[in-house]
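Labels run A, B, C and D following the written order; every chain starts at residue 1.
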Amino acid sequence: MRALVKLLLGVMGLLMLYAGSGISDFGDVHSPASEHVSDHYIENAYHDAHTPNVVTVMIADYRSFDTLGETVVVFAAGMACFLLLRGNRRREEEDA
Amino acid sequence: MIQRLFDVVVGHWPYAFTVVLLVIGLYGMLLKGNLIKKLIGMNIFQGAIILAYVVFAYKKDGTVPVIMFDEHHHAIEQASRYMNPIPHGLMLTAIVVGVATTGVGLALLILIHRTYGTLEEDELMERLRRDD
Amino acid sequence: MIRRDESVIIDVVTRAMVPIIQIFAFYVIFHGHYSPGGGFQGGALLAGSVLLQRVVFGRDRSQGGFPSRLGIPFGILGVFIYSGTGLWAQLSGGNFLQYDALPLGFDAAMLRNTGILLVEIGVGFAVMGILISIFDDLVEGGLRR
Amino acid sequence: MIEANLPILPIVVLLLGALMVPTFGMRNRAAAHPISLGMLGLFVIAAFGLFQKVMDDGIQHYRLGGWEPPVGIEFVVDLLSAFMLLIIAAIAVLVCVYARVAVRKEMPTKEVPFYGVMFIMLLGLSGMVLTGDLFNLYVFFEVSSLGGYALMAVGHRKAPVSAFRYLILGTLGASFYLLGVGYLYVLTGSLNMADVASLMPELVGNPALLLSITLMLGGLGLKMALFPMHLWLPDAYSYASSTATAIIAPVMTKVSAYVLLRILFFVYDQNLVHDILPIDGVILWLGLAGVTVGSIMAIAQKDAKRMLAYSSVSQVAYIAVGIGLANRWALVAAMLHVLNHAAMKCCLFLITGGVFQQTGSTRISAYTSLGRKMPWTFAAFAVAALSMVGVPPTNGFFSKWYLVLGAIDAGQWVVVAIVIASGLLTGVYFFRMIARIFTNPEAGAPVQEGARELPLSQLAPILVLAMALLVLGLFNSWIVNNVLLQALPPALQLGS
C-alpha cells in the first residue's frame, strides 16, 4: 500500500513536469494567461475605481463575490470551531 | 520524453521546484503516521499550489501590479510592465481557505486527543478498535 | 495549567508594541488601495496584536484588550458589512455588489473606490474576530480534559 | 426588482440566515430553530421562483457587481442548476423540520452553531450549483466542505477521527480541483466556464490540458466517493449525528457529481473527453466497480447506518455510470437518479436516526419487530426500500430504466447486466431488513420494548418523503420531458 502510494506520487510528479511542456515559458510576456482578461484589468483598473493597486480592485470589485466567499470561509471556520469545541461547558458545570 | 522533461526543468525551473514541493506535501499528507504531520503536509501541499499559481503570474521585467505614474501624473497603463494580477488575487483567497481549513483541522485534532489521548495513527487505530 | 513567568521586560515591550501593531494594521487596511495590503492582511495583524496579549498576559488578564465572547459577533459584523454593501447596492437598483449604484452622490469611479473600502473594512473585522475566536476555542478546548 | 435579482436571492437568503442564527441564538437558544425554519422556507420559495423563471424564460444570466462575464463573475442558471437547487432546498427544509427534536436530544448545547454551520454548508452547495465561474466554484466548494467537516465531527465518540480523515481527503480533492483550474487558466487566460469552453478547441492535445482534466476528475471523484476513493465515506456517515447525515448524504456527493457533469460536458471539448483521453470510459468502469463493491459491502454490514452508507457508494456510482455512458438517456438517468437518490437516502437516514433516538441503537438486530411499534415510520421505510431496489411504481425504478435504455443505446451489455445484478443485491439487504422488521421475533431474540412512534414533527418529513417517492414515480415522465431533456448539454439535445 505504502509502496503503491509512493509510486503514484512519483508518477504524479513526472506527469506534472511533463505537463509543463504544454504551458508557455517562465516569464513569457505574451502567454495566454497574461493577455486575455489580465490586460483588461491592468488597463482599466485605475480608470474604473481610482485605485492604483490592481490586485485590490480585482479582488474587491471585479471579482468581489469571490472575496465574499472568502469571508464566508473564514466565518465558517469560526463557526466550526464554535460547534466543535464550545458548548460542552454548560453540561460540565451542571455536573460539577 | 526525457529530453522534454529536461526542457521543462530548464525552461520552467521555478515550476519544477513547485512540483517537488507538491510531491513532498502529498507524501507528508498521505504517508506520515502522525496526524499533526499530516496537517503540516496539507499546508505544504497547498503552499506548493499557491506558488505554482504565482509562478504562472510572473512576467519578465514586470513589476508589482500597482499602477505607477509618470512625471506628468498620468497613469502608466501598459500591461506588459506589470505582472499578471489575477493569480495573486486568486491566491489571496486560497491562502485564506488554507488558514480556515487548518483551523478546523486543529479543532478536530484537539477533540481526538481529548477522547483518545494520542495523535499517532497506529496507536489511535488500536484504541479505536478497543473502543467497540 | 501552564505556569506564567512574570517578566517585566516582556510585559513592558508587549504593552509598547500592541498599539504600534494596531496602528500599522489600520494603515494596511486603509492603504490597501495604494500599496499591497487590504482587509485580510490588516485583520490578521489586528488579530495578531490581540493574540500577543493573550500569549503574554494569559487568557484571563487579557480580556480587557478584547473579550473572548466578542469574537464571533465581530465575525458576524464583518460578514454583514460586506454583504450589506452588496445588498445596499442591490436595493438602490444595481446588481449585487455593484458599487456604482450606491446612492452616495459621487461619480462612478469614486463610488467603486468607496465600495472597495467598505468591503475591505468588513473583511478586516471578520478576519480579526474569527481568528481570535478560533484561537480562544482551541486554547479552551485544549485545556479541558 | 426581485425578479431581476432572482438568481442571487437564494444565496442572499442563506447568507442572512447564517448571520441571523448566531446573532439571535446567542441571546436565546430557543430562537435558533424557528429562525432557521423561516429562512429555509424563504430559501425554498426563492429556489422555486428561480426554477419557475428558468422554465418560462430559459437560461438566466446574472452579473455580480455588474461586470460582463470574462471580467467579472457570472451566475448562469440553466434548468439543471435550478433543478439541483430545488432538490437542495427541499431536502434542507424537510430535515430542518425533523431537526427540532433530534438536535435538542443529540446535542442540547450545540443547537445554535449547528444551525449556523448548516446554513453555511447549504450556502456553499447552492453557490456551487449556481455559479458559472471556475474559481468561484472552488471557493464555494471549500465553504460547503468546511461546513461538512464540522457537521460530521459531532455525534458518535469516533466522529472526529472519521471527520479528520474526511478533512484530509476532502482538502486533497479540492486542491486537485484548484490545480486543474490553474492549468486551465494558464492555457486560456480566463476563468469563466463559457469563455474557457469557447477557447478549448485550439488547445486539444496539449499535455497540460490532459493533466488538468485528470486532476479535476481525481478531485471531484474524491468528493463524490467514486469507487477507489470512497474509503472516507462509510465511517463519516455512520458516526455523524443523524440530522447531519440526513442533510449531507442526500446532497453533498450529488452536488460533486453535478460539478463533474457540468465540467465534462459544458467546459471541456467533447472530442477531448471521449477520443483523446477516454475519461468517460474511466468514469464508466469506476462507476461499475463502485456499484458492485458498494452493494456487496452493504450486504456484509451489521449496522444500519453503515449499510446505508455503503449503499450510498453504490448509488452514487450509478450516477457516475450515467455520466460515463454519456448519451441522452444515460444522462437523463443520472440526473433523475440525483433526485431519486436524494429523496430515498434522506428518508432512510431520517428513519435510522429516529430509530436510534427511540431505541438507542443503530444495529440491524435492534430493528426486530419494530414494524408493530412504529407502524407509520416503517411503512415509509418499506416504500423507500422498494424504491432503492427499483420496484416499478416507485421512482427508483425509472432512473434504472433510463440507465438501461442508455446502456442499450451505447451497446454496453455489461452495464445492463451489472445494473440488474446490483438491483438484486440491493434487494437482498433491504428485503432481509424488511423481513426482520415486520415478522415476529424468533425465540430469544432481543426486542426493543420501549420503542414508540416518533413525534409528529419528525414523522411528517419522513411521510412527506415517502409520499414524494410515489408521486415522483407517477410524474416522472413529466419531469423527464419538461425538465431533464431540456437540461441536457447542447450537443445531446433532441434534434441536434
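Just so it is clear, a contact is a pair of C-beta atoms (placed from the backbone, for glycine too) under 8 Å apart; a residue touches a chain by one contact, two chains touch by 3 or more.
It should be emphasised that the depicted structure is a prediction, and the values quoted were computed from it without experimental measurement.
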Pair joined by more contacting C-beta pairs (C-D or B-D)
B-D
Distance from chain D to chain C - Cα centre to Cα centre, in angstrom:
36
Please tell me the distance, in whole Å, between the geometric centres of chain B and chain D computed from their C-alpha atoms.
29
Roughly how many whole angstrom separate the Cα centroids of chain A and chain B?
9
Euclidean distance of C-alpha centroids - chain A vs chain C, Å:
20
Can you list every residue of chain C that touches 2 or more other chains, as numbers and ranges?
34-36, 38, 40, 72, 76, 79, 83, 96-97, 99, 127, 134, 137-138, 141, 144
Do you know which chain D residues sit against two or more other chains?
15, 18, 22, 64-65, 135, 139, 142, 146, 149-150, 153, 160, 185-186, 191
Send over the residues of chain A in touch with two or more other chains.
16, 18, 20-21, 23, 33-35, 37-38, 41, 47, 52-53, 55, 59, 61, 63-67, 69-70, 72-77, 79-82, 84-86, 88-89
Think of each chain as a node with edges to the chains it touches; is that a line, ring, star, complete or other?
complete
Which chain D residues qualify as touching chain A in the complex?
15, 18, 22, 64-65, 67, 70-73, 107-110, 113-114, 116-117, 120, 123-124, 127, 135-136, 139-140, 142-143, 146-147, 149-151, 153-154, 160, 183, 185-191, 206-212, 214
Mind pulling up the chain A residues that touch chain D in the complex?
15-16, 18-24, 31-38, 40-41, 61-66, 69-70, 72-73, 75-77, 79-80, 82-84, 86-91
Per the touch rule, the chain D residues reaching chain C in their complex are 1, 5, 8, 12, 15-16, 18-19, 22-23, 26, 62-66
Which residues, counting only chain B, touch chain C once they are in their complex?
64, 66, 92, 95-96, 103, 106-107, 110-111, 113-114
For chain C, which residues are in contact with chain A within the complex?
32-40, 71-72, 75-76, 78-79, 82-83, 86, 96-97, 99, 108-110, 112-113, 115-116, 119-120, 122-123, 126-127, 129-131, 133-134, 137-138, 140-141, 144
